[in-house]
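Below are two complexes that have chain A in common, paired first with chain B and then with chain C.
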Partner chain A sequence: MSALLTVQDLTIRFGGVTALQQVDFTVQAGSITALIGPNGAGKTTVFNCVTGFYRANTGSIHLHGGANGGSNLMALLGESLQWSDLWQPKRLGSRLYHKMFGGPHRVNQVGVARTFQNIRLFNALTVMENLLVAQHNQVDSGLLSGLIQSRRFRAQEQAALQRASAWLRFFDLLPEANRLAGELPYGHQRRLEMARALCTQPRLLCLDEPAAGLNPNETKALGRLILTLRDRFDMTILLIEHDMGMVMEISDHLVVLDHGEVIARGTPEEIQRDDRVLAAYLGSEPA
Partner chain B sequence: MLARFWMACRVGGIALLLFAPITGLVLSGYRLEGHWQTPLLLAAVVTVGHFLFSVLLHHLGGLDRLGVGRAAALPAATIGLSAPKPVWIALLALLTLSLPLVLGKYGLSVAILALIYILLGLGLNIVVGLAGLLDLGFVAFYAVGAYTYALGYHYFHLSFWLALPLGALLAGLFGMVLGFPVLRLHGDYLAIVTLGFGEIIRLVLNNWVAVTGGPNGVSVAFPTLFGLEFSRKAKQGGIPIHEFFGIDYSANHRSLFLYFLLLGVVGLLILMVIRLKRMPIGRAWEALRENEVACRSLGIHHVTVKLSAFGLGAMVGGVGGVFFAALQGFVNPSSFTFFESAYILAIVVLGGMGSTSGVIAAALLLTVMPELLRDFSDYRVLSVGMAMVLMMVWRPRGLRQRRRPFFALPAEAAERVA
Partner chain C sequence: MDIYIFGQQWVNGLVLGSTYGLIAVGYTMVYGIIGMINFAHGEIYMISAYLTAIFLALLGTFGLQSVPVVLVLVLLGTVLLTALYGWSVERIAYRPLRNSNRLAPLISAIGISLILQNYIRISQGARNQGVPPVIDGVWRIPANAVDQHFVQITHLQSLIVVTAFASMAVLTWIIHHTALGRACRATQQDRVMANLLGVDTDRIISVVFVMGAAMAAVAGMLVTLNYGSFDFYIGFLMGIKAFTAAVLGGIGSLPGAMLGGVVLGLAESFFAGFVNSDYKDVFAFSLLILFLIFRPSGFLGVPEVEKV
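Take a look at the complex of A and B:
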């Protein structure tokens, strides 16, 4: 196994609050890695850093492999301009470019997709349209080819529809294809958001509490779906989850956060025996 | 075949009902005279036309390619439109094409104005209705288009036909230049900045007297058609069109010309907007309106997508401006006040954000009604306000709601569902 994502030394502060303190972890390619910890530990903040919505104060995030042989995810966000750039036109140019065109969308384009803790669907669009929007970068999005409905354009739209239908079938949402996303039941919305993230053809899928609000049966089914994603689609998954039963059952590797720091990492068995983890969850001070 | 024939007869009957009062009754002095040949002729044309059209359509399968077929007729997994039936399209085309026959000079100028507002409404609809960017300064791009033609003609003898693309381009450019720094703002902030931009353009036009003529405005020559002029005597070095065709001079010719040209442009724009809504860029606009964060997480750069909506909307505004200048023969800054922006916005909101047919209906309502009710013109603004309030009560989402495209599932996938 090789590492797909390495996060090193990640620190981020909001005003006086240090939300993450030197967070280090690795996600192996083809694994399910779970990020757990009490509420407010900083799990979602880690996701926001990895997917480019927050810029960490220090540290590095690398996605390995892929078409361009690995990416520094932090550099994709654009760095702030400095006075010394004025004497180095090339660096100034690249910084200006990244400043204008950098951002989370670039992180997605190199292969990281995510879902949100509070679902973010395009509510007034249909289920199918939600999935087509996600394939924006895989279809011919030029203005002219679409207006004249070129052969290439139609072929790519067809391909996008097929891909979307395949994921809808996988998540058992096909009958809902033409319904508005906003009127779906909650559990379906969770699955639709996963399908939408997968439509961007990511290499790393980040799921932020996918089982939140689901009943035990739905949670079990979701666990099986995530396992299938790993086994059949070779997907690498980074998972935040509170449902310990599901986490212990499906993850290969766990990272435990508390107060913005990694307090433990290891296999489910190791974590279940770890005193510091128990203390963090039960709230007692370690001796 | 027989069914088609009966269908054609029914359509012809409808046409007769429609045309009889419009073209059959002519007011002569104080008496109404019946001219029954005209409506009968028109109805016959409709009947035969519809029959031929439907037969042709059946044998060529032509309309599918235009995207106006019915869902069942389309191959699996393509987009099945809830499209209006060809009958309605044909009737609408016939109505708009024959309208100038019944409208007088005044009616025609109202119709032209209505078409310009439809154009503007559809342009702003891209920005506000689809992309969800509240633009309170749309009139700025309208002004850029109008002044491109006016000043271009004044200084460089720019022709109307060149002014059309140039005005669109310049307005689009203005939109992009304004948009790039501004589109990072959200909601209210964006509204305020665009409002300011609209006023800035108007103030510049008003105060830069040396170039724009200030409040006195600039006059514009009427467009020519392949060098043929629409005036009684040639003024621009061409031939008057009535001499060329050997017919009598009529001031109506120029209105007819503008009317049909605008009709073509509006028709083209409607087709464009219909397609845009089902293209990646159009979907991205709507997605951005719904949830910007989600869009960015899906690899869509929000700034460029917004910019494309803003630029495209501005271009349409610019085209509207060029037509406005051509219609008036004269432009001055007082036509481009904030009230105008608000009026166009009212059209979009009244019509139902994002709905093409709704916006067209609202534009017609808001331009034709005030003209019909000239005597009450003092209450024009009041009536717009009333219309908005009534709409809020009865149809809070506008006259027409935007319908979503329907996707027929791939055959094999559909089987699994069954």
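Take a look at the complex of A and C:
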């Protein structure tokens, strides 16, 4: 196994509050890694940094492998220029480029996709359109080719439709393809959001509390679904979840956060025996 | 009431309204995607009037005689250059303020509108400018009428209505049937989410400004050919009228902009024809106020529901 994502020394402050303090962890390729911790521990903040939603103050986030042999996700967001760039024209050029054209869309393009704790679908678009938007980079989006419906455009659009249908079938949503996303029942919206994230063809899928609001049966089914994604599609998954039953059952590796710091990492068995984790959850002082 | 005067007001209103609609599209699309009123849009329209005159003169000096060829070339040139203006305005005045509070880009818009007005005033002079009539010819209904008993439609008026509705149809088609349009609709609903799904939302916003400016350019060219005269200040009134049209139709809605434009044009021309032509602007803006009070979501806008 090799590392797919390496997060080092990640620190982010909002005004005087340090939300994350030197967070370090790695996600192995093909694994399910869960990020757990009490409320307010900074789990979602880690997600926001990894997916490019926030820009961290210091630290580095690297996604390994892929077409260009690895990417520094923080650089893709556009870093601020420094005096030392003046005698390093190559770095200056890349920083200027990313300042102009960088942003969260670049992070997605190198292979990170996410879902949200509170579902964020395009409610006024149909289920199928939601999935097609997610394939924006796989379809020729030029004005002219779309206007004249060039052969290339139609072929790519067809391929995108097929990929979308495949994921809809996987999540058992195919009969709903032409309904508006906003009118789907809650559980279906959750699955649609996962399908949409998968349509961007990610290498790392970040799921923010996918089981929130699901009943025990649905949670079980979701756990099986996530395992299938890992086993059948070689997907690497980073997960935030409060449902400890599901977390302990499906994850290969756990990272425990408390007050913005990593207090433990390890397999589910190790974490269940860890005193500091128990203390963080139950509130007693570690001996 | 004279049936012919009545008919004539329909014609005038439709012609006026379709140009309002074309400009209103720019307001409504920009509002839909970044939630701001682009007050510099009227100036973009004004610039397109100047560009039309410049291209007409340019083609005239080359000795081009064929009217359809001249019109198509002028249209292409005007639309392309005006779109460039629209793109630059967004790039320079709005994008740097993208993540600041909502008031900042609004003030920036007023600033850029003043800059554009004065740039034209200095470079082109403050005097009224004009273009010679390119298309003449009228249809009269009935054709063999005597005295004032007929409805008159100039060839240019019919061209205006046809072009306006054709451009609207093309635009609507782009929004609904291309990958670019799909990304526009997604960005309109949730910009951050679209960005996280790999859509370069800055590019989409640029495209929206370019499309809005292109529509304003079509309107600018048609109106200039129709009235023949313009100055550096026409953008203000036209811009506010088109904004009224966008609000009437439901700001954020594309068919609403066209509907609002036509309704406003008709209302204005009926008021001018049957009540008082001096107060037609007062009437138009009274409509705006009435709508803002009693139906702020306009004809086709969906009222915003605050989720609890």
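Definition applied: the second predicted complex is superposed on the first by the 273 of 287 C-alpha atoms of A that agree within 3 Å, B and C clash if a C-alpha of one lies under 4 Å from a C-alpha of the other, contacts with A are read in each partner's own complex, and residues count from 1 in each chain.
Everything that follows uses one rule, which is that a residue touches a chain if its C-beta (ideal position, glycine included) is under 8 Å from a C-beta of that chain, and two chains touch if they have at least 3 such contacts.
Just so you know, these numbers come straight off a predicted model, no measurement behind them.
With the two structures overlaid on chain A, would chain B and chain C clash, or do they fit side by side?
After superposition on chain A, which the two structures share, chain B runs into chain C.
Identify the partner contact of A:L180: answer first if only chain B is touched, second if only chain C is, both if each is, neither if none is.
Only chain B is touched by A:L180; chain C is not.
With both complexes superposed on chain A, which partner does A:L92 reach: first (chain B), second (chain C), both or neither?
neither
Touch check for A:P104: first (chain B), second (chain C), both, or neither?
A:P104 sits against chain B and chain C alike.
With the two structures laid over each other on chain A, which partner does A:T200 touch: chain B (first), chain C (second), both, or neither?
both
Is A:A29 touching anything from chain B or chain C once the two structures are fitted on A? First, second, both or neither.
Neither partner.
Per the contact definition in the header, classify A:M128: touching chain B only (first), chain C only (second), both, or neither.
first
Answer with first, second, both or neither: which of chain B and chain C does A:L225 touch in the superposed model?
The answer is neither, since A:L225 touches no partner chain.
Tell me which partner touches more residues of chain A in the superposed arrangement, chain B or chain C.
Between chain B and chain C, B touches the greater number of residues in chain A.
In the overlaid three-chain picture, which partner chain does A:R169 touch, first (chain B) or second (chain C), both, or neither?
first
Following superposition on chain A, which residues of chain A contact chain B and also contact chain C?
51, 53, 101, 103-105, 108-109, 113-114, 116, 120, 122-125, 129-130, 132-134, 136-137, 139-141, 143, 146-147, 149, 153, 157, 196-197, 200
Under the definition above, what is the set of chain A residues touching chain B in their complex?
The touching residues are 51, 53, 100-101, 103-106, 108-109, 113-114, 116, 120-126, 128-130, 132-137, 139-141, 143, 146-147, 149, 153, 157-158, 161-162, 165-166, 168-169, 174-175, 177-178, 180, 196-197, 200.
What does chain C use to touch chain A in their complex?
170, 173-174, 177-183, 185-186, 189-190, 192-202, 207
Taking the complex as given, what residues does chain B use to touch chain A?
Interface residues on chain B, with respect to chain A: 67, 77-79, 272, 275-276, 279-281, 283-284, 286-287, 289-291, 293-304, 308, 404-407, 409-410, 413, 416-417.
Which chain A residues qualify as touching chain C in the complex?
Residues in contact with chain C: 51-53, 101, 103-105, 107-109, 113-114, 116, 120, 122-125, 129-130, 132-134, 136-137, 139-143, 146-147, 149, 153, 157, 196-197, 200.
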